[in-house]
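Shared chain: chain A. Partners: chain B in the first complex, chain C in the second.
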Partner chain A sequence: MAGIVCKHLNKKYGEVEVVPDFNLEVEDHEFVVFLGPSGCGKSTILRMLAGLEDITGGELSIGGKIVNDAEPGDRGIAMVFQNYALYPHMSIKDNIAFGLRRLKTSKKEINERVDAVTKMLGLEPYLDRKPTELSGGQQQRVAIARAMIKTPDVFLFDEPLSNLDAKLRAHMRYEIARLHKELKTTSVYVTHDQMEAMTLADRIVLLNAGEIEQVGSPEEIYDYPETLFVAGFIGTPSMSFLDLDVSKTSDGWTLSGTGIVLEIAGEQFALNENAKVVMGIRPSKFHLVDKPIHGKTVTSRAEFVEFHGDEVLVGFSIGETQITAFVKAGNRPQEGDTVHFAVEENEIHLFDKKSERTLRQGTSPSAASPVLAEVGT
Partner chain B sequence: MNSRQTLPYTFLVPTILVLMVLAFVPLGYAINISFQDRTLISPNSSYIGFENYIDLFSDRRFKNALWVSFKWEIITVTSTMIAAVGLGVLMFETLKPRTRNLMCLVFLIPVLLPRVSAAFVWSFAFHPLYGIVTYPYRAITGKPLDLLTNPDTALFAVAFVDLWQWGFFFAVIVLKLLESLPPQPLEAARLDYAKTWQIHAFITWPMLKAPLVSLALVKAIESLRSFDLVYIMTRGGPGITTETLDMYAFSQGFIEAGKISYASSMAVIMMVLTVVIFTFIWKRVRT
Partner chain C sequence: MKASHIIGKAFLALMAFIVLFPIFWTALNAFKVNADILVTTPKFVFEPTFDNIAYVLSRNSVMAALTNSLVISLTSVVIGIALGLPAAYAVARYPNRWTEEIQFFVLSLRFLPPVAVAIPLMVIWLNLGLYDSWTAMIATYSLLTISITIWLAVPAFQQVPKAIEEAARVDGYGAYAVFLKIALPVAMKTLIGAIAFSFVLIWNEFLIALMLTTGKAKTLPIVASEMSQVGMDVPWGILNAAVILLSIPPLLLLGLLSGFMNSMFSNKSR
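Moving on, here comes the complex of A and B:
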């Protein structure tokens, strides 16, 4: 068991800087997920941790030892690849035992350990088969078994579920969570799927263009996005954004734009007269009401109504901006109806237009966590 | 028949006809001639049945040529494959992609050279008094070194040129094969404590076995056509120590006796042997 410390990690391919300056501490037993759009450098960072990519600059230590130049085999890690990376010509048993054989572990011990991991992952019936004779989910389970049998200090997962179909993905996600609960091995998991990140992570590291946008628990990332990018990336369907102008009133602030005027107390935000801000609201935070209330609701015409089951997604415009809102399927509007949505002050997110950083004061979520506390009880 | 069905035949029939004429007419002619007693000296000839073939089996020079050809095959195919795999893996492990591509370009040059030119270049390099290959030996011992007229070394010296031409080329192919492999299993093996040689022995070799065997087979067929190399470098000499089957057939047919029929029977035997042996090997490899 071991923690990971990345200090000023830097990666360049020739002139191209993929990862400028990456700092992160992963604690022992922690399950950290690197989340970000494709090409954001998350896999590169993982491969640097694994030793499959050279580290251009900075310092990486695993379990207290600096391993910048250590061979992948000497880092106490095991990795699960997106395309399973099984040895195609070997039987499942040989695949799993390959690493231990290289370490010259005794035959008896290898057999015992193979038995143990295959039992844990339900692979006993397939030991003599070749990888191609197994389904994708089974192959990925073999890959996990191959990683587990080494009893590594750290597990690295490189988008392990991306090649599986949706149903299997949910099942394997559950299995990975279960294994982590059982083994408590420090894990770093790379994915672009926010569902995986939300459900598995102790902490999410949200990356964009090689830099960390935000680090936090899934709740923190979802409820208190620190940047516009994070706010837009997390959540499906994604948050709607409106460009608004700020002006001071006697007892608070007014946010106004084409077709919208909102009055807020604004205590939780650092606002300035005439500032330009971007307001973000998740679709589920629009509340359908019967009558407009000045300064508290937005009014528009339902342009489309999309059936999602229990809820419908209503699309409408404010000014030029397309907005979506979730409405209970029971009292859904018809397309073309005029709709009024109430907006609660503590459910909106305000970002500075220029810096794209949150305007919420006391950014530490623990300071602003009455909502969290309610959820907890 | 509509045009969709006739189109393939329109293209295939003429080309196949031309190829068949080109392949089978000389073949039939050679088989026909091998049953005669034709020589270049006289225009008359008559059918003598299998006499040429029977004579061959009591011809010690023919048996020698068979043996030399066999040795030639073994030496050139194994040395080419060993060099190709060794060099290919070395490039794969040590060079960056850009340097690799440059090396590949350089490595292609020997095989692009006509074999006759290669043979001449290397004959001079092996020259006992002026050759660059023999220079170190001369410099150290002060004596000339004649590899091409020494019965023990002549075949190896010629085989070396063949290796020089094909070893580098095959190294490029091996490198490209290695590059075409999915990288993840190799990375997984690195994480599984495998050393570099173990990765190649346990992972890449089994993955590349089929293409490498095919490559060896291609080289074996290519090696059969050693005539130009041997003809220019040694003419089958010293004595008959480098006289391969095609070399012997040529000298029987054109240089020494003009025994065209006798030479043809040799060519027919060579063809039958090749077809039988290679079909056998091919079948074995594929199962």
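Moving on, here comes the complex of A and C:
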């Protein structure tokens, strides 16, 4: 078992800097998920941890040892690949035992350990088969078994579920969570699927263009996004954003734009007179009301009503901006109806238009996290 | 059965006939006396004779040439494998700015007409005192087998998923072990074809052998061709017998290899 410390990790392909300056501390037993859009460098960083990509600059230590130049096999890691990467010419048993064979582990011990992991993952009936004779889910389970049998200090997962269909993905996600509860091995998991990140992670590292946007628990990331990018990336359907102007009033602040005037006390935000801000609201935070209240509601016409089951998604415009809101299905408006939505001050997110960073002050619990101190510096 | 099926089957049968009949006819003629061969109406029923085969086998030059051919072909194929496969793997897996040039250079060896290669080699082997020897033939043919093996094996290695090799590295294996235990067995199916191809090419090679051998290192194609030079009276039966004997080793090898390939394929699917 071991923690991971990344200090100023840097990766360049020739002149192209893919990862400029990556700093992160992963604690022992922690399950950390790297989340981000494709091409954000999350896989590259994971492969640097694994030793499959050279580290251009900075320092990487696993379990207190600096491993910048260590071979993948000497880092105490095991990795699960996106396309399983099973050895096609070997039986399932040989696939799982391949790593142990190199260590000259005795036959008896290999058999015992293979038995143990295959039992844990329900693979006993398939030991003599070849990988191609197994379904995608079974193959990924073999890949996990192959990683587990080495009892590594750190598990690395590179989008392990993205080749599976939706149902199987949910099931395997649950299994990975269960295994981590049992084994408590430090894990780094790369995905572009926010559902996987939310459900599996102790902490999410949200990446964009090779840089950390935010590190925090799933709740922190969801409830207190620190940047506009995080706010827009997390949540389906995503948050709606409105460009607003700030002006001071006698007992608070007014946020105004085309077709919208909101009055807030503004204590939790660092606001300035005439500042330009971006307001973000999740679709579920619009509350349908009967009558407009000045400064507390927005009014528009329902442009589309999309049935989602218990809820419907109502689309409307404020000024030029398209907004979506969830409404209870039993209470839904018709397309073309005039709708009024109340907006609660503590459910909106305000970002500085220029820096795209949150204007929320002090209340975010993640602000105290030591790792965050390094973000963006 | 549908009409398209019948037409398809008929077409395949016709093609198979076109391919197989000449071989069948050659085999038949190998057992005929010249009088039975040189008739205007082809004879399917005749009194078989083993004289042709016996004549071919009884000639010392044929047995010597068979030994020469086997030793020279197999050795150069083995050298081609031993040197060509690692080279191909390096080209496929560790590309650098020279990779394309290397591949083109290897291919360009095959652009040259064999005569252009054979004449300088003849001079070299004469000067070294190795002319008309196994060593010279094996060294020369190895140039061919290495280049063919590299050229055909590079794509085979490129098809091996990179993640599999990375998994092996994470499992603790070094570059050589990854090559021997992962890349080689995974690519083997395609490589077998490449190896068989290079063997057949060398086995049938004529022009270079003609220029680099005069006596003790003569290969089968040379000796077989000499049999037609006995004068005006062409010994057709003997010639046909020689052709059949010449075809047996590569056919055996291909049969063996295809059996091996079939078994590898059948392992993959249920």
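FYI, the second predicted complex is superposed on the first by the 363 of 377 C-alpha atoms of A that agree within 3 Å, B and C clash if a C-alpha of one lies under 4 Å from a C-alpha of the other, contacts with A are read in each partner's own complex, and residues count from 1 in each chain.
Following the convention adopted for this analysis, a contact is a pair of C-beta atoms (placed from the backbone, for glycine too) under 8 Å apart; a residue touches a chain by one contact, two chains touch by 3 or more.
Quick caveat, the model's predicted, so the values are computed rather than measured.
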item	value
Chain A as common anchor, with chain B and chain C clashing or fitting	clash
Contacts of A:G99 with chain B and chain C, given as first, second, both or neither	both
Touching partner for A:P72 - first (chain B), second (chain C), both, neither	both
Partner chain in contact with A:T132 - chain B first, chain C second, else both or neither	second
Single chain B stretch clashing with chain C - from 4-12, 22-30 or 112-120	112-120
Contacts on chain A seen with chain B and repeated with chain C across the two complexes	50-52, 71-73, 77-79, 81, 83, 85-89, 98-99, 102-103, 146, 150
Chain A residues touching chain C - in the complex, by the definition given at the top	50-52, 71-74, 77-79, 81-83, 85-89, 98-99, 102-103, 130, 132-133, 146, 150
Interfacial residue positions of chain C with respect to chain A in the complex	161, 163-164, 166-174, 177, 182, 185-186, 188, 267-270
Complex contacts: residues of chain A adjacent to chain B	50-52, 71-73, 77-79, 81, 83-90, 98-99, 102-103, 143, 146, 150
Interface residues, chain B side, partner chain A - complex	182, 184-185, 187-195, 198, 202-203, 206-207
